[in-house]
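Note that subunit A is present in both complexes that follow, paired respectively with subunit B and with subunit C.
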Partner chain A sequence: MSKLSSIQDAVQSIENGALLALGGNALHRSPIAFVLELIRQEKKDLSLIKTAGALDVDLLALSKSIRSVYAGYIGFEMLGLAQNYRKGVQNGEITVYEHACASVIAALRASIYGVSFQPINGFDGSSLPELTGLIKWISCPFTNKKTAVVAALKPDVTIIHTNIADEKGNAYIDGSVYEDLIMVKAARRTIITTEKVISSTEWKEKPQIPGFLVERVVHAEKGAAPGSCAPLYTIDDHEVHSYLKNPKKYLERKVAVSHV
Partner chain B sequence: MATDIEKMIIAASRLLPKEGAVYVGTGMPLLASVLALKTHSPDLLLVYEGGGVGGKPTGRLPIQVSESLTYENGIIVGSMDYVMSLAQAGWIQYGFLGGAQIDVYGNLNTTVIGDWEQPKVRLPGSGGGADIASFCEKNIIIMRQDRQKFVKKLDFLTSPGYFSGPGEREKRGLPANTGPYRVITQIGVYGFHPETKRMTLLELFTGKTIDDVHENSSFPIDISDNWRYVKEPNNEELHTLRELDRDGIVLA
Partner chain C sequence: MSNVITVEPADYMTVAMARIIQDGERIFHGVASPIPAVAIQLAKKLHAKNAVYLSIAGYVDAVPSQFSHTSTAGAHLGEGAVSEFLLSDIFDLSARGELDVAFLGGAQIDQYGRINLSAIGSFANPKVRLPGGAGSAALLPTVKRAILWKTTHDKRSFVDKLDVITAAGNTAYVITPLAIFKRGNQGKLQLYSIFPYSSFDEVVEHTGFPIEKHDHFHKFHPITEQEFTILQEIDKNNTRFSEFR
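This part shows the complex of A and B:
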């Protein structure tokens, strides 16, 4: 049976309060079209998992859709802070589960291997573990060395944006895969948005994501815009700046019509 | 005449080795690393958090660590998982860091200003900072210097420096012979004294004074007996740097 779905149906399957992992990194290959549809359908109390987030997390903070965030970094790097996320945290509306990118990855990896925690190198002395309780210390049963461990994170739904996918859910990413493959394996279910849908008999590239891990495929051209999806399109500077200048106006314009 | 930012980038680029691997962030670190590639370090391996390894960007500067320009002409493009594990396994010698606050032992805060529970300003967070700070042998910190940034006590310790002095990193389980190496600000270049691990002025930029060092820090900074002025940027360095950022993304 074909896994192709409209973006509306795919988002309808998301429950309020769900724990979502969003693929991509910073302004690159993030599932922005999907995020905008989450906002259109007024999903609430979402929790997000992300290594380094930017527009995706900030949009959901602006629309007051988020209850908590598990992330290593939320910001626009050289373009500045994620102002709506910043306000949401400062107002106490958003709970931050303080991570580094590496500990988010380790937490997802634990779920992949079916264990409840994952040892992780580093973090000795940083306030990250002490203050936030997400990283604890155990004594290694083999060497007695003090070892940091991070609790497993299992996304209810992982959403990633890919370059190509077929009707069975097999999918291909060009360039860096960031944490997407780990997020897919760790999740209870996965939704893929994709630039291009092909038939499963047409593959020239080797898909990195096997379809059996994927529940739905949504055709979403320019689904990562105004971020990039290499090599198809780069960051739309004009649009990103228009967001940073007036996020509300940008969101109103984007929510009014779906381009997918 | 070189600007403050240009002088800082050039000073950073001179610190990079002929070969070896450096963890690169966007902005000044990226320019410093590419400048080193094009001048004295043609075999330097640039490693980006987003997964790119060995990229040698030619056109526009990447403005984010995960954009595709970071793996242009690169060796491999993997995942953040892959690149971070390179650092965890000890394959990356040099790292770049920045921060909203630094203390005398080179500990950094990129998480929050004020109380963590009720933040005055919520900052982006660790990103790869805690890892880079924990594992790289020589970390180069680039940031502006003023009394708000050079603080007696951090609001939050995101990325470890020398904690409270010599031996503290090792005591907490971090690998030996790692930690902050230099701090570059608009005023000068600082190192960490081998015995005290306290920040110590090594070099001043021309036009800056020892008074500037003290006036722009909330903690006392030691001055090396052998302090000197930073060597002025030469024409090749300046020309190459300006060519790299013709649009003035970082330099302007």
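This part shows the complex of A and C:
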């Protein structure tokens, strides 16, 4: 059976309060078309997992769709702070579970390995373990060495944007894969948005994501814009600046019509 | 030389970083790091041809034909690379003690080279929520040498007490528009070098923690013509200035 889905149906399958992992890194290949549809359908109380997030998280903060964020970094790099995320946290609307990017990965790996926590080297001298409760110190049962462990993070749904996918869910990322493959393997279910849909008999590339791990495939051309999707398009600086200048106006314009 | 070329603080910071990189070292930079990205290429064209360049893009030894003013996490930083080595691989490399250099930043930096990228005010009720430390809480304690940099040098940035300790560990150098600090006795940062337009008194005036001079304190050796020529070739579109706003 084909796994192809409209973006509307795919988003309807997301429950309020769900824990979502969003693929990509900073302004690169994050599932922006999907995020905008989450906002159109007024999803609430979402929790997000990212290593480094930017517009995706800030849009969902602006629309007051999120309750908490598990991430190492949320910002627009050289363009500055993620202002709506920042305000949401400062107002007490969003809880920040600040990780290191490495401990987001470790927490996802725990889920991949089917265990409830993962040892990680790091965090000595950092206040984050105490402040977030996400990292605890244990004594290694074999060596007695003091070791940091991080609680597992198991996304209800991982959403990643890819370059090519087929009707069976096999998907290929051209360019940087970031943490997407880890997010897919850790999740209860995965939704792919993709620039191009082909038939599973047409592959010239080797898909990194096997279809059996994927529940739905959504055709979403320019689905990462105004972020990049290499090698098809780079960051649309003009659009990103227009967002930063007037986020509400940008969101109203984008929510009014789906381009997918 | 100063009558030949106009040299800006961003140039000094870039050259200072490049000079610290040693041949053969494995080097990483993360998000929002245009000066380190350029400095690594500069070092690889000068004295560190065998340095191994790693970045979030997930490739080894890329030779980007240009840099972005917006981001240092994009796939453009894979240009010219031969093999893949993902961000998760880089964290693992550092965790097992095999990453030589990481470039990290801080909204606040204290005299022990610890950083705050989490919040101004308290973590739970922040006055300003900051982006977060990205890789730093895992990298700073495990990398062999961390090089910190900050494009503003003032008492709000270089503080006696951090609002939140996001990360602590193996800070070796801190590079600012005025000076270079080096970790010395008792793990404290000491003033190691000052740029030609800067002075000891100016650094003291703009730093929130007590300044000690390093045993090898010196005026920064002028940027050579070769360094400046190659720097301009590498960073044709002047991204090293994009952190100065």
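Here are some notes:
The rule is simple: the second predicted complex is superposed on the first by the 260 of 260 C-alpha atoms of A that agree within 3 Å, B and C clash if a C-alpha of one lies under 4 Å from a C-alpha of the other, contacts with A are read in each partner's own complex, and residues count from 1 in each chain.
We adopt the following convention: contacts are C-beta pairs under 8 Å (C-beta built on N, C-alpha and C of every residue); 3 or more make two chains touch, one makes a residue touch a chain.
As the structure is a computational prediction, the values presented were derived from the model and not from experiment.
After superposition onto subunit A, the modelled positions of subunit B and subunit C overlap sterically.
Look at A:Lys254: by the touch rule set out above, it reaches neither subunit B nor subunit C. Touch criterion not met for A:Lys3: it reaches neither subunit B nor subunit C. Of the two partner chains placed around the shared chain by superposition, neither subunit B nor subunit C is touched by A:Lys154.
Look at A:Thr234: by the touch rule set out above, it reaches both subunit B and subunit C. When the two structures are aligned on the shared chain, A:Lys146 is found in touch with subunit B, with no touch to subunit C.
Once the two complexes are overlaid on the shared chain, A:Asn25 sits against subunit B and subunit C alike. Under the contact criterion defined above, the residues of subunit A that touch both subunit B in one complex and subunit C in the other are 25-28, 51-52, 71-75, 77-79, 81-82, 85-86, 89-90, 92, 96, 98-102, 105, 121-128, 131, 175-179, 182, 228, 230-231, 234-235. Of all the residues in subunit A, the ones that touch subunit C in their complex are 25-28, 51-52, 71-82, 85-86, 89-90, 92, 96, 98-103, 105, 120-128, 131, 175-179, 182, 228, 230-231, 234-235, 237, 240. Remark: subunit C residues 30-32, 34, 56-59, 68-76, 78, 86-88, 91, 94-96, 114, 118, 123-142, 164-169, 242-243, 245 touch subunit A in the complex. Residues of subunit B touching subunit A in their complex: 26-27, 49-52, 63-68, 71, 77-81, 84, 88, 111, 116, 118-131, 133-135, 156-160, 163, 168-169, 172-174, 249-250.
Residues 25-28, 51-52, 71-75, 77-79, 81-82, 85-86, 89-90, 92, 96, 98-102, 105, 109, 121-128, 131-132, 145-146, 175-182, 228, 230-231, 234-235 of subunit A are the ones touching subunit B in the complex.
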